[in-house]
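The chains carry the letters A, B and C, assigned in the order they are written, with residues numbered from 1 in each.
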Amino acid sequence: MTHLVQVLLLGITLGGMYALMASGLTLVFGVMRIVNIAHASFMMIGAYISYWAFKLYAVDPILSILISMPLMFLLGLVIYKFLFFKITGSPRYGELTVLLTFSLALIIEGILGFFFTNIYRSTNPSYATDSILFGPFYLPEGQVYATLSSMGLIVLLWTFLLTTRTGYAIRATMQNRAAAQVVGVNVELVSMVAFGIGIALAGASGSMIAYLFPFYPAKHWEWIAVLLSLIVLGGMGSLIGALIGAFALAISSAYVSFFVGPTWASVTFFLALFLILLIRPQGILGKKMEG
Amino acid sequence: MAFLEVENVTAGYGNGPDILKGLSLKFEQERTYCIIGPNGAGKSTLFRVICGLLHPRKGRAVFKGEIISRLRTEEILRRGISFVPQDRSLFPDMTVRENLRMGGYILKNRRELKDRIEEVFRMFPILKERSSQQAKTLSGGEQQMLATGRSLVLRPTVMMFDEPSLGLAPKVAQGIFECIHQLKNEGMTIILVEQNARKGLECADWGCVLDLGKNRFEGPAKKILDNPRIQELYLGRKPQDRQEDTA
Amino acid sequence: MSGNSISHETVYLGNTGAQKKPLFRAKNVFVIVLISTLFLFPLLQLFTGNINYWLHMLLYTFMYIAMASSWNMIGGYAGYVSLGHNAFFAIGGYFSASLLAYAGISPFLTAPVAGLVVMAFGFLVGLISLRTSGPAFIISTIAMVLLIKISFDNWDFIGGADGISLPLIQLHIKWVKIPFYYGMLLIAMGAVYISFRIRHSKFGLGLRAISQDETKAEVAGVPTSLYKILAFAISGLFVGMAGGLWGYYLTYLRPTIFLNIIVAAKLVLMSVLGGKDTVTGPVVGAIIFIAINECFRTYLGFTELNIVATGLLMVLVLLFFPQGIVGTLKELGKLPQILDWD
């Protein structure tokens, strides 16, 4: 029994991080219908930023999101401008976005690999390996901090979306792009900002996983597969769905990891994905999804 | 110079063919127009050009003497032209109030926006009742009301309706036409595209027949209704036949 | 677009009356000459110095021609972009490799079976994956690859992550590449031929209707689900066969070699570069891509830069050249007859 609860706790502390990663990805898909295969490679950039900030200037990895987020936001704006402005309105838009972001992922991977080589790295703040004990249970300290910060960012994101004028515009564009245009929303600008925010969130996630999971440039393929499963499960484009998907899968993978073995944990995600496609192709909370 | 005018407009989407092919139309203030024509005639495209969602390839749209066909939608809304698109086109997961708030998206003053939303609620009390419901839970007629109300938030002088009665039960549709009538009496300029051409023309002063991207015929709405050739080509069967299948 | 292609088809099929000897039309002659040349090419090994490098490059190109043409059946004709075809490649490879390692049966015999096995696998996956479309389908194909990768990494029977080593083929160094050369050549010919046949069949027409507008295709009576799943399965056939031979050629198999996402990326890039939805596009794309890649490898060296270059090339082609070489030339009316098989 203790074991079961312990595993649940571990799953929850992972879930918050997954939720942040999935939120950025969902935001970008929801607003622009871009399936951002490069999301996890942006996370890798965030990871390297926090790695070097820690190594060179001893900046705390969680605080380093204050550096990585603005940088990644700007990078997002530039990339959106160059890659996606041209293709809006193309009849093969959905497919093009996947292929373009896929190429983008290759480019980022190659560039990171060129500069930082393919060795495993990991940031090592003091709390990375400590645990918080209470009663018969323990919680990995680093994981707790990361999940709490992630949840904090998610709350910020939601407040932004629910209260500000830009937030309204972003949600409106997610729900009905044509109607948003009709009421005078500059959807191109909104898309650019939303893309920037999505990438900034990826950067933040990356900074936090940098001290929890060793990384190298090509690691992003493993992450993106997990994240894509999450958002398909959540019904692509639904932020709440992404949150539910993130926690559900984090917890189930924690159990699989405990009962079957850690190597099989990520299988959970893909099996869940296929299961979902089999039973309910539109995801938990999704409507019909098409390019 | 007409109040609102499109001159020689040629327009189409992306690299696609021209949908409008040198279309010219004039709209006078405080009158109601009904545009009819078969599918693909360019009716919706005309609206998209006027409200700045689509920039014409050739020609221009002029409103109160100012060329508006290069302006962004936001700037056109500010000048008093509103558009209620086909299929209602709401924000399904937002509440009724939030939808109305989006209608006033271009207003920066929150106080003013609030007043105007109340104004819309006075006009459509049912929307007030449903103000915290999500738009997707509304019935078809309520959705059309919300879409209309959303455009009214900006207090436009010109309103364009694209197929307002589409997919609505006849009774509900009747309500919508009454509402359009009311707006007309308040002195608004209304341009209507209606698949139920007969109904649309009955509620309009002036009618235009659009086909293949060109203005084929225009005249007083009554005349169009009575013109046997137009009846045959664009209005379908006679009213007495029609009643049978609604029964 | 479709009207245009239909007229092409009638021109092609309508050659019974006006042209009485269709076999000797310029482009048929070209194909016969090309195939004969390729069949005779290894004979040079007898007369000139060692041409193993060229044999290697050619058989590698044949392999990618086969795979890109196969990819095009689902990704081009039906418009369902798959980023998971390397799963087919891996399954084919491991199937033949296991039979060689444990039962001693030559992959030259088992490769066709591997193709059929992969086809069956593709059919099963297709039943699930093809319930979705657009981005969700692409994601499901990526997930398929990663699922296979994790399974293979942890499956001791086939060596897990360390992989499996195979005995060398018992031939003198001078001849060692030749059976593979012919094998891959036959696979490539088979793939291109099937691709051509599909393109000119009712099945192909149905697939292309799906790519244009699936709902309309369904309404018009195209059995869309069945067609998509069949196309997905058939596109696995030659990829599986190529995998079977390639594993033997390398003499060792590791999941990272076969299940590298770059392999899938290459198939997409080759097809898009040459021109999706055309018969010759993937062929042209494969040849050009491999040529460019070989230059990069020679002059740049770094594999990382190679990845960057692949990505950049892909972005440029997608943004500025989405019809690909064959597609663009065709649109301009400048496509040489010999490349026009649509």
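Details
One rule holds in what follows: a contact is a pair of C-beta atoms (placed from the backbone, for glycine too) under 8 Å apart; a residue touches a chain by one contact, two chains touch by 3 or more.
Predicted model, so just to flag it, every value in this text is computed and none were measured.
Minimum number of contact steps separating subunit B from subunit C: 2.
Measuring from the average of all protein CA coordinates, the nearest chain centre is that of A.
Seen from the Cα centre of subunit A, the chain whose own Cα centre is farthest off is B. Chain centres here are Cα means. That of subunit B falls 52 Å from that of subunit C. Distance between subunit A and subunit C, defined via averaged C-alpha coordinates, is recorded as 33 Å.
Centre to centre, using the average C-alpha position, subunit A and subunit B are separated by 41 Å.
Looking at subunit A, residues 90 sit in touch with two or more other chains. Here subunit C touches subunit A in the complex through residues 79, 81, 83, 128-129, 131-136, 138-140, 142-144, 146-147, 150-151, 153-154, 261-262, 265, 268, 272, 302-312, 314-315, 318-319, 322, going by the rule given at the top. Listed in rising order, the residues of subunit A touching subunit B in the complex are 89-91, 165, 168-169, 171-172, 175-176, 178-186.
Across the interface of their complex, subunit A is touched by residues 13-14, 51, 53, 72-74, 77, 83, 85, 89-94, 98, 101-103, 105-106, 108, 150 of subunit B. Residues 29, 33, 35, 37, 83, 86-87, 90, 92, 94-100, 102-107, 109-111, 113-114, 217, 221-222, 224-225, 228-229, 232, 236, 263-264, 266-267, 269-271, 273-274, 277-278, 281, 289-291 of subunit A touch subunit C in their complex.
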